[in-house]
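Step one of this worksheet: look at the structure below.
Note that the chains take the letters A, B and C in the order they are written out, and that residue 1 is the start of every chain.
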Amino acid sequence: MDKLSRYLRGPLTLVVLIVIARYFFPNKMTFLVEITTFSIYIIANDILYGYMGMVSFGQPFYLGVGAYASAIYLAHIGNNILVAIALALLMGLIAGLILGPAFIRLRGDYFALINAATCAMGLFLVEKILYPITRGDDGLWYRSRMHATPLLDLRKPDQFFWFAMIVLFVVMIWYTWLDRSAMGASFRAIKVNENKMKFLGYDTFKIRWTGYTLMCILAALAGSMYAINYGFVNPSITEPARAAEVLVATLLGGAGSVYGPFFGTFAFLGLKDLVSTFVSRWELAVGVLTIIVCFKFSGGVWGTIQTIGAKIRSRGKASAQSAT
Amino acid sequence: MDKKPVLMTQGVTKRFGDFVAVDRVDFDLQEKETLGIIGPNGAGKTTFINILSGFYNPEEGHVFHDGKDITHLSAANRVKMGILRTFQLVHVFDNLTVYENLSLSYFRKKENKPFTLKMFFSSLRQPGIASRVQETMEMLELDHLKDEIVGNLPLGSKKRLELAMTFVSDPAVVIFDEPFSGLGDQEIEEVIDVFRKYIHDKTILLIEHKVSKLEEFVDRLAVMHEGRIICCGDCESTLNDPEVRRCYWKLET
Amino acid sequence: MLELYISAVVFGLGISGILFLVSIGISIGFGLMRIVNMEQMVYYTFGAYLTFALVSATGSFVLGLICGTAAAAVAGFIVETQLLRKVYGKELMFTMVVTFSVFLIGIGIVQYVFGLASKPVGMPFHTIVHMLGAKIPLYRLMVFVIGMLVYVFINLMLNKTIAGKAIRAGIENPDQVRGLGINLGRIFTVTFVIASGLAGFGGALNSPLVGVTPYMGFDMLLFAFITVILGGLGSIKGTLVSALILGQVISVGGTIYAPLAFVGPFMVMFIVILFKPTGLYGVRGRAFGFEE
């Protein structure tokens, strides 16, 4: 029982905090859903970057895989939202399994670059080549085609909010579990010394492949949630220019930690919201922000919170000792 | 005593361009013995154990383990057969805790074939792993560092950890590549202490360039010179061998 | 029909020239400094925009070309001395994120100064040459020739001058050069300024062909990536060969079947790295976390 609560405590606190925020700031609900979805997307990237140390400049591609899988299904084939989500997860899995073996063999720099190239490819696909299916820049609109789902009607924003909370809760439990499992440890071990991992008898290729595929599935899940929440999808979701957002948010939160992605998303979207009221162009702000984070706050928001927490605790301990 | 060779090579040769790093080496390692290979820098010792551990494939010759030809087996598969090695420079996972380092090493041994899905559903804190890791940590006096991040530890502790990572999975053969290199006197003493305690019933191959540190615990001693093993036998006879004296002492003193 | 393909080949050569100029910085930057400098496309954009500004103000394309190149080189100098020095020797991922941020900042600056709209740049001349019945704009041919001259020039510099030899030795073995007492920092700066100047030069040359837009760097970045991946990071010859291949794939491929202009380069790269993960002429080195 005690063990179970260790995995539930963190995620539960997080979800409860968001729900409280929703009732205190009712007009910020869209923003909270955005944070939830985006943080799943960032968790996906954190598995790749924070845990395994692989930088990808093409994350929007994987988001797009999920978004378009759901959107194409809803716009052309069926009406069931849950099937659309399942389909997105399946496409994420397929993308990971197929692209994985080709990509993860590459050196770190090539990996980053080929992802960027893939992302640009994806954009071109949905803009031009698949025009008959994706309607190019006009995007796909299918809100009216979505049928109500049992229990929670995902077409209604306030009910989608609860759905997003459930998804976040499940993902966070899973992510906490991953962090403590043998898999999570091997991800982190591969990051610093793949050689030693091989000489401990692990098949590092398979471990990387697994991590990469997980990333694809999670990113596709986030994409699918975007698609359903907005009721339309256009190619801007896979724009390579947005690859930076993902890295910035990951770094901002503190790479390779359980709560980093969430806090990173919160900080990033919050700052973007603030900045966009003053500056109309986000590139300059995002660029400057990343450089500051890179050089000054290498631990990110979560890392800083942890350091401060540790300081307070040690001071508490010290004062307790001096009292006795 | 009836001993059988655990690890054996026949005519193993490795070239780098024109340079013959390892030249037709025949060698065997018996069960439960500690064998030291000494030789000056550049004698081909490290290349030789790189061949044994599956880092390189030799151009000629064969490597056998328990009578099976493992010449072209990958490093990971050799580990599964119980052939473990350490590196000259300390190789540990700096971003993990001491406990995680050890449990990762033991997890592989416990599962033997770490099926990827299984790795998800296994916690490294499970009792089966924890007890064994705890035992090893106590043996090597690492238990007080259990939850420390390895990157923050001094070099001596890291080296002890690396040894622990090897012992924890109870390997059939351990190959140590210059276990004393880069360490201070104090740290060397620590490592030798560890060896004294745990080395006797294990099959071990040790590489060093100085004989002085090995003499006390090796059963047999081999001397490598210019890619060849020029002599192999018990310590005393090896050191008194005329060819060894000619090739080696001349360089040592 | 034949003339269609002849002009496609020549168009492709022009594209190759541009690709070579803009990718060389990424390739050398990796070979010498072990960083992936993604901000090279900032210099490309700067070069193009300055040409645009000067052509519209004075009407002189040559002046635009010179100032564009110079501005790019100056920008490269500032970035290298103020920022990149701090990232040398850090892990590759870190350098990529930092240089990508510089790229974003550069785009932001361009947007701030010149606005968002894309603008055309006047062609310096419209001369058409006839070749086997095909009409070919002389300018494209000229771009190709310039690209080749730059290659020859770089090779001469690397092989004949002392600085060049130091750079080459630095690419092969940075520690050794440091051991020889050569000021590697200065060599880095010089190389970087030349590389960014070339990227700016490429942007200036390309501006009459494609016009200028703040996001032009992003489009080019993709092709530059493909060029260096295909050619192999760190190899100048590889960059040239892959630029030549890709130019033809884009142009001739695009003539045969329009989408190939975009998909073709990607497919070629994908197939090559499947069999040779370091590209055509890539320097052997650390694979993912694997020491040799």
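Quick note on the criterion: a contact is a pair of C-beta atoms (placed from the backbone, for glycine too) under 8 Å apart; a residue touches a chain by one contact, two chains touch by 3 or more.
Note that the coordinates shown come from a computational prediction; the quantities given were computed from them, not determined experimentally.
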Category of the chain touch graph - line, ring, star, complete, other: line
Top chain pair, ranked by how many C-beta pairs fall in contact: A-C
Centrality ranking, top chain (CA atoms only): A
Centre distance in Å when chain A and chain B are each reduced to the mean of their C-alpha atoms: 42
Separation of mean Cα positions, chain C and chain A [Å, integer]: 33
Separation of mean Cα positions, chain C and chain B [Å, integer]: 48
Contacts with two or more other chains, residues of chain B listed in rising order: none
For chain A, residues contacting two or more additional chains: 191-193, 195
Chain A to chain B touching residues, read off their complex: 178, 180-183, 185-186, 188-189, 191-193, 195-196, 198-203, 206-207, 210, 256
Contacting residues of chain B [partner chain A, same complex]: 53, 75-76, 79-80, 84-85, 87, 91-96, 100-101, 103-105, 107-109, 114, 116, 119-125, 165
Parts of chain A lying in touch with chain C, wherever the complex brings them together: 49, 53-55, 57, 102, 104-114, 116-118, 120-121, 124, 128-129, 190-195, 208, 240-241, 244, 247, 251, 281, 283-288, 290-291, 294-295
Residue ranges of chain C touching chain A (in the complex, touch as defined): 30, 36, 38, 83, 86, 92-94, 96-98, 100-109, 111-112, 215, 218, 221-222, 225-226, 228-229, 233, 259, 262-263, 266, 269-270, 273-274, 277-279, 285-291
